[in-house]
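Structures for review follow.
Here subunit A shows up in two complexes: once beside subunit B, once beside subunit C.
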Partner chain A sequence: MSVTESTSASLGAAPGAGSRPAPNAHLDLASDATPPAGPSGGPLPRRGFVRSLLRNRKATVGVGILALFAALLLLAPLLAPSDPTLITDAGSQPPSAEHLLGTTAKGQDVLALTIWGARSSLAVGFLVGLAATLVGVTVGLAAAYFGKVTDDVLSLVTNVFLLLPGLPLLVVLAAFLPPGTGTVIVVLVVTGWAGAARVLRSLALSIRAKDFVAAATVTGEGAGWVMFRELLPNMASIVMSTFLGTVIFGIGSQAGLEFLGLGDVSVVSWGTNLYWASNDGALMVGAWWAFLPSGLCIALVAFALSLLNYAVDEVTNPRLRVPRRRRAGVHAPGGGTVVSAAAGTATSRASANGHGATPVLEVRDLTVEYRGENRTVVGADRVSFTIGEGEVFGLAGESGCGKSTVAHAIMRLLRAPAVITGGSVRFCGRDVLAMPDDQLRSFRWRDVAMVFQSAMSSLNPVMTIGDQIVDVYTTHERVSRREALRRAADLLELVKIDRSRLRAYPHQLSGGMRQRVVIAMAVALRPRLLIMDEPTTALDVVVQQEIMAQIADLRRELGFAVLFITHDMSLMIELSDRMAVMYGGRFVESAPAATILAEPRHPYTRALMNAFPPLTGPRTELRGLAEGVRFTDIGDLVEVAGGHWVAPHDEPHDAPRDQEVPA
Partner chain B sequence: MSATTDHAPGRSGDVTSAGTPVVQIRGLVKDFPVGGLFSRATFRALGGVDLDVRRGEILALVGESGSGKSTIARCVARLEQPTSGTLRVDGVDVLRTEPRRASRAYRAKVQMVFQDPFGSLNPAHRVEHFLTRALRLHRRTASAVALRSRLAELMDTVDLDRALLDAYPHELSGGQRQRVAIARALAVEPEVILADEPTSMLDVSVRIGILNLMRRLRDERGISLLYITHDLAAARYVADRTTVMFAGEVVEAGESTALMADPAHPYTQLLLSAVPDPQRAGTFDPAERAALRAQVLGATTCPYAADGRCRDDSPVHHAVAPGWTVRCHLYRPQTEVARRALDVAGTSNA
Partner chain C sequence: MQFVLRRLGFYLLAFWVSVTLNFLLPRFMPGDPVSRMFARSQSRMTPEQITQLRQLFGLDDRPLWRQYVDYLGNVVTGDMGVSISRFPTPVVEVIAGQIGWTVLLGGTALLIAVVVGNLLGILAAWRRGGFLDSMMPPFLVFVGSFPYFWLAMGALYLFGVSLGWFPLRHAFSAGTSPAWTGEFASDVALHLVLPAVTIVVVSIGGWMLAMRNTMIATNAEDYIVMAEAKGLRPGRIMFRYAARNAMLPAVTSFGMSLGFVVGGALLTEVVFAYPGVGYQLLAAVQGLDYPLMQGIFLTITAAVLLVNFLVDIVYVRLDPRVRVS
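Moving on to the complex of A and B:
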């Protein structure tokens, strides 16, 4: 962390040229441009889990408190050698040098009682936690794995146990069974497993649906193996927190039961301590010391376990840890001017050939870094291009190449740890990176709109389509609801959806329709630039083609420019006027789409082109990029023909191995 | 469409048995329950599918999502129980002989590679684990030494560095993971691999590598593959024959290049016309093509026109050429419609 802070501080002082990354910075294909992040759900990160847990402050405090109690428990004979139940004459004495925590009404030493009480309380708590978790895991896994009748029966039983009022059941069971610590444990497990089972069942169900379970089944694995070796390891963090939760439940409930006199009152535990204190009327005579130590111990242990639980959550789900930083992502306030003043370099000129005198968008030497704890990854490296009025500019590349990073940077949607460290973004001459928040808000929908790959699922499922479009108008323009509704209907018809669908909810529309609604909303305020980040990747070809036709129609009607991002070269060449191919955060080639189609120069461009076999002509062997091939040290673009810019290149470091003759 | 039911003997690679189906599906129906607990409503995902996967061929199954192509694979992999129909593998009517769950012997013949390599490898295990389990379960290795050499061999087959045996899935790229998944299927030494969209989640530059690997497995090991995809160009590139599905039915089947050069079914024509192809770029404005498409489809009452004719009166299979069938009311040899559709697809009628 400290590294990040110090670098960003120096950047704040001297933005611009000085902060440029080394020119040979690159990403490899295998790694994503997004910062390294652990799994977001159940599975524990395999390496360094314990280490990161110990680095977590909550966990350290929690473990510390628990260790203290463990020491108390183990060293009880040393710390309080006298029999804690020994009755003496010195009853109801407040804390003193002789009795550090005073004595009970019967003259027993409270300190000794508290120390010895830890043994029973913690033992019962952990045993209950262990047993209830074990039962819960087995029931949850079996229900989720076998499904159907097994699931119905097990879920029914689980729900019955959950619905049974816990405390009365505890009381009834405890009253009927012979008193003793064993009984308490049995009673608590019976009442405590169901919650664990329900949580673990639903988790197991979601993992059950994953392909790796089907894959294991196809390989020939049996039920037991799949449940305990495939499903269970992926539930580790939840199982752990379930265990911690049931331990808390065990300790608390045991104390409750014993306080009510339903346990074995001759056993020394925190619960029985409270029971006797209450029985002896300690509170009425003001003998707080008889209550407080045991009560505090229970609270402390529960606190420590909860802290540990939180810590497990945080370590396994890194999103909880990301510090909220306001206006993260922009680190060059005013720096844009500095850089664009020096924008006469070869890279920058590569983009100077868009049509139109005043470009809609002008990106110069845009550099974005992802700053991890241990390393910094360059997401976009001195990227420059312009988009003219009404032009379609394509940005092609694969996952992790930085194309989405560029789009997000233009919209200033980057969040920490991504930081814009250099370059400028100008929209119709205005410096986007220097815009204050209020201007940014109107810039974002009114001037430039964006459609994401997952846009279909970005519609609010509990609001009608109409309400969502109306919202766009009413938040951005001063219009009445009636007027907004009228415009919403017009907008739907613009994307060829019947206006009766205004009252529909998103789930009532097909995927293609939803995507069209999203596009309609994006162009609702007539932006001059539409950024589309893989807008059709999740759609079928026929629907994809309809969407593309739709965008072409809209463009004719509304005349906006498009920044089109995709990995599908065929689609891009069909749709774009000019395009660039991006790799490892850098542009490797930039030219009119027809030129790229006719004579791709860079080997990476050629690999992308080759990835799509033709639909006509003879079937010949194609070669993609072999696994592990990397391009490094990508230089600045050089103009090889009018408007055709290519990065200097060698052939790939590791040429694909020779394969068989063409079919 | 050949309806042979030979009890094909021997394992793959037997030249004489090439052409006889290793997987034979007849009248496969799959209904999924829809609605709540007490609802009896069902959705028919497969409406009586006939399909043969021949020995040592790659058969592509194309269609949009929801057309039922993955359901076929999951039924053959015995991950779903078909509602009715027969499934023969090596001539054995497996739904009869092992009705409840597949035997290990069956698993040894039929393996599957899933669409999402990020989901099909358990993140908790190392690469070595997946391969070792497959080898152990099917007793493909005798000793520890043999195991090591077999693991290395498998990694070589799928072009992966042996050092990656110790890697966890999250340390691999999508393409590498998919190669691990293929290696796991190969470890069992299967006769058929069901490949359910194995490249659609991969970066485009490594897709061809996976397709080439599939071709190599067919050519060098005689493995049959059922390749499920929505990508017609990939199907044409890799598959000997292609079967087109629409709404749970097979609408057209035939030799891949011939079928795609001259599609007979309006739906196949539509699918082809929708595929972006740089070679056609510039010749087709998307909007123009959409208009053309609407014209073609309006004229032909294809499934999209939804006039209900196909629902009320199920069309039969017409033979276009030997080994090439189309299931459509509108099929007429060399009709005006077909020719116009060809123009749409931008293909030349040889």
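Moving on to the complex of A and C:
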């Protein structure tokens, strides 16, 4: 229910000034550009919440049904004026014009019983929901806010109550208390609050860890203020779904208790209606009409509340929404979505082609779109480049510029809403985008392997690293498990990890070791191309150096080509043969690395280079792009010198470096 | 190991809470429920038995702490007094005779609901937008909205009374006696179908939805993308990488939901007049048989806590990350 997982920034949203201008794609280079509204990035802006909820079809149906029952409740005296408990001698009559839903064994009108029953059932349900949520919120917030001993004690109590079997406890409590509606409510709150408290505590804990709460605490706001003004509003959606959940619990359990005869059976409610129907043996004599309506009403109300709950979940976490079928690109993970556009129509003149020989990888006019509900964002826009045998090609650019999108597109790992809408990807002449599933599977890892951004999360936490390497061998090569294990051990030694660590789980390894395992895994099948998507971002500088040295060693030994992705320009220039700089889904410059270092042409390239300190030499002031500088409508690359391609830009290339001008 | 010990301590504490609750309830509830019980059943008892019951419910002159210590001692030694409605059978014996049926019914239903529900959830999340993903959740939510007992009665009427496919009540046909024969086993199985199916139908949606939602979150993890990049077969990614991780929360909620299953079984047992501790609990309440009622509640609680402890041990096997911390 909680939504704390986050998608990788590069996949989640691609702000960009691509061919289709996106209205809200403000990009500020100075800040570490995070996507403006990731699919599930923490608490939701409250304004949009209610509106999105109202647009959700499940919510509409739910609210509709509830409104119907609200009307029934209010209009009961008009709809069924007669006293529902009135006993007549017309018993067990089937539905007729006089008694639309028939009569009970005692001759009471079933319709009147059902309509009047709504009052007690709904009132108890909502009261229970309200009270249980209130207790749950208070306990959950207090536990999360005060922490330490308070949290220990409150969590303990919560967990104990959560474990005590609900209905038996209800039965025992109800048996000891004097019968009545009040008893039912108290008993239901006592057994129902713990679930709410548990969910809300863990949510409050995760919000409490965020900076704005810390800020409020530091500025000396009181406990009550922080709890109810800072924490609570950010939990609105979960509080709401908790409330809905406890109302469902309340209505259902009340009916259950009353059915067992443990409530006040003289009160008219759906539960007591069913109690009497069962007591009078309505079903045994075939009087289904005495039994059907109340049960249906309970089910309808519970269903409406569940729908609403479900809708709240979907709005909070849009990923849960069922993707529409008609949109191309709905697929199970494993396919790699391709919408074949009329590839080749927009042949780009500019390709950052360096070598004449058959390239290992040839990407031409690759275009990837993120198709949102309301707008489409271009993640990669007519991107073209080639990588030669054994060459290291660098791809630089800020977060969200589309580097990872390109990398994922090459292996067809993109998922909805990302769709490849144009261009081609050729590996040694084979069309990757046209491969059927089984070919694609054997192409992956055997021909092109990838080292992902974070080694922390790209290993399966519940499998030993040995098993994860073995998986590669047993899938791609017909080898026994024993042989695969032996090779896996050799592979670990290749990256200087002891073979005994085969049995280790990812969490038992340090960050650097994990990344080395991933690299070892990547070269397991001796691929001809290795994509490295910011392989050292999450590591400290020393480990970074070790990893880079490791990669260089492996490359000398195995001779694979590399597509190297990073925002670290100095690292890139040091490592790459040729490189390209990407911005807003477009290439802005492409040249041999030495050329870029010597004379960067595009203002954005220079800004990126100035954003990193040189390791040696005098101290210089670091500069990025000036505040608010953005580039839009980036044109195709033009060759300005041998192998040096630059996107057209207003500013002459020899302008002073500290006066960046918006294009 | 440390994790397991900590959990064990927690369950012992939870059990102590429920024992204490049991001790306090009859002593501090308004309306003096115990006197009502005595008024009703005093005539059938011998003076010694009355004295014993008086002690059990604190109607004697011992100080409260003394009563509490004695009560704890009785619970630990398994002495829960004598049933009043089934006088003079000891409570422990009444429960022992019934609990097997509850385990059979609840266990069967829970197992089917968990296995099938989770499988459906895995498949739904894997094929987003497919039939399972779009149609099943709303349908199961709808079915799950019906009260347990109402569906049970409906099924009883439809398949038992009208169609006559299944027996109407009890766990085995009248006239037969329990024996380890194929004939008796099939008779029991036939009696089990309707009660078990109603529990499964109502509870399966929750399992499916929870699994589906966890799977959707898991499918977005980097290690799933990596597994895809490795070119693994979809089935292997789905089960070994995605479902294997997504099932961890399901294992935890398995323990948590046990209390609900017992509750569901209680209502189902009542509707189908199926023997079991739930049915017996209600009978005890109606007969003002407080010793039996308390005994059953404690037994159910102990069973739920025990299973939760076992689940914790299993969880340690399933999630290597818990093992070290």
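Criterion: the second predicted complex is superposed on the first by the 564 of 663 C-alpha atoms of A that agree within 3 Å, B and C clash if a C-alpha of one lies under 4 Å from a C-alpha of the other, contacts with A are read in each partner's own complex, and residues count from 1 in each chain.
In this text, contacts are C-beta pairs under 8 Å (C-beta built on N, C-alpha and C of every residue); 3 or more make two chains touch, one makes a residue touch a chain.
Keep in mind that what you see is a predicted model, and the values were worked out from it rather than measured.
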Overlay on subunit A: subunit C relative to subunit B, clash or fit: fit
Partner chain(s) touched by A:545 [first = subunit B, second = subunit C, both, neither]: first
Contacts of A:303 with subunit B and subunit C, given as first, second, both or neither: second
Partner chain in contact with A:452 - subunit B first, subunit C second, else both or neither: second
Which superposed partner A:252 touches (first subunit B, second subunit C, both, neither): second
Cα-centre angle that subunit B and subunit C span when viewed from subunit A, reported as a multiple of 10 degrees: 110
Subunit B versus subunit C, judged by how many residues of subunit A each one touches: C
Contacts of A:148 with subunit B and subunit C, given as first, second, both or neither: neither
Which superposed partner A:505 touches (first subunit B, second subunit C, both, neither): second
Closest Cα approach, subunit C to subunit B, once both complexes are overlaid on chain A (Å): 6
Parts of subunit B lying in touch with subunit A, wherever the complex brings them together: 64-65, 74, 77, 79, 104, 107-108, 110-112, 114-116, 119-125, 130, 133-134, 137-138, 159-161, 168, 170, 172-176, 179, 181, 184, 188, 203-209, 211-212, 215-216, 219, 230-234, 236-237, 257, 260-261, 270-282, 284-287, 289-290, 345-348
Residues of subunit A that touch subunit C when the two form their complex: 1, 5, 7-8, 58, 156, 159-160, 162-178, 248, 252, 255-256, 259-262, 274, 278, 283-284, 286, 288, 291, 295, 298-303, 306-307, 310, 313, 317, 319-320, 322-325, 330-334, 408, 411, 413, 416, 440-446, 449-450, 452-454, 457-463, 471-472, 475-476, 505, 507-508, 518, 521
Subunit C residues touching subunit A - in the complex, by the definition given at the top: 10-11, 13-14, 17-18, 22, 25-26, 29-31, 33, 126-129, 133-134, 137-138, 141-142, 144-150, 153-154, 156-157, 161, 213, 216-217, 219-234, 236-237, 240-241, 244-245, 248, 255-256, 258-260, 262-264, 266-267, 270-271, 278, 281-282, 285-286, 290, 293-294, 296-297, 300-301, 304-305, 308, 318-321, 324
Touch list for subunit A against partner subunit B, complex: 29-30, 39, 43, 46, 210-212, 214-221, 230, 233-234, 398-399, 540-546, 548-549, 552-553, 556, 567-571, 573-575, 593-594, 597, 604, 607-617, 619, 621-628, 656-657, 659-660, 663
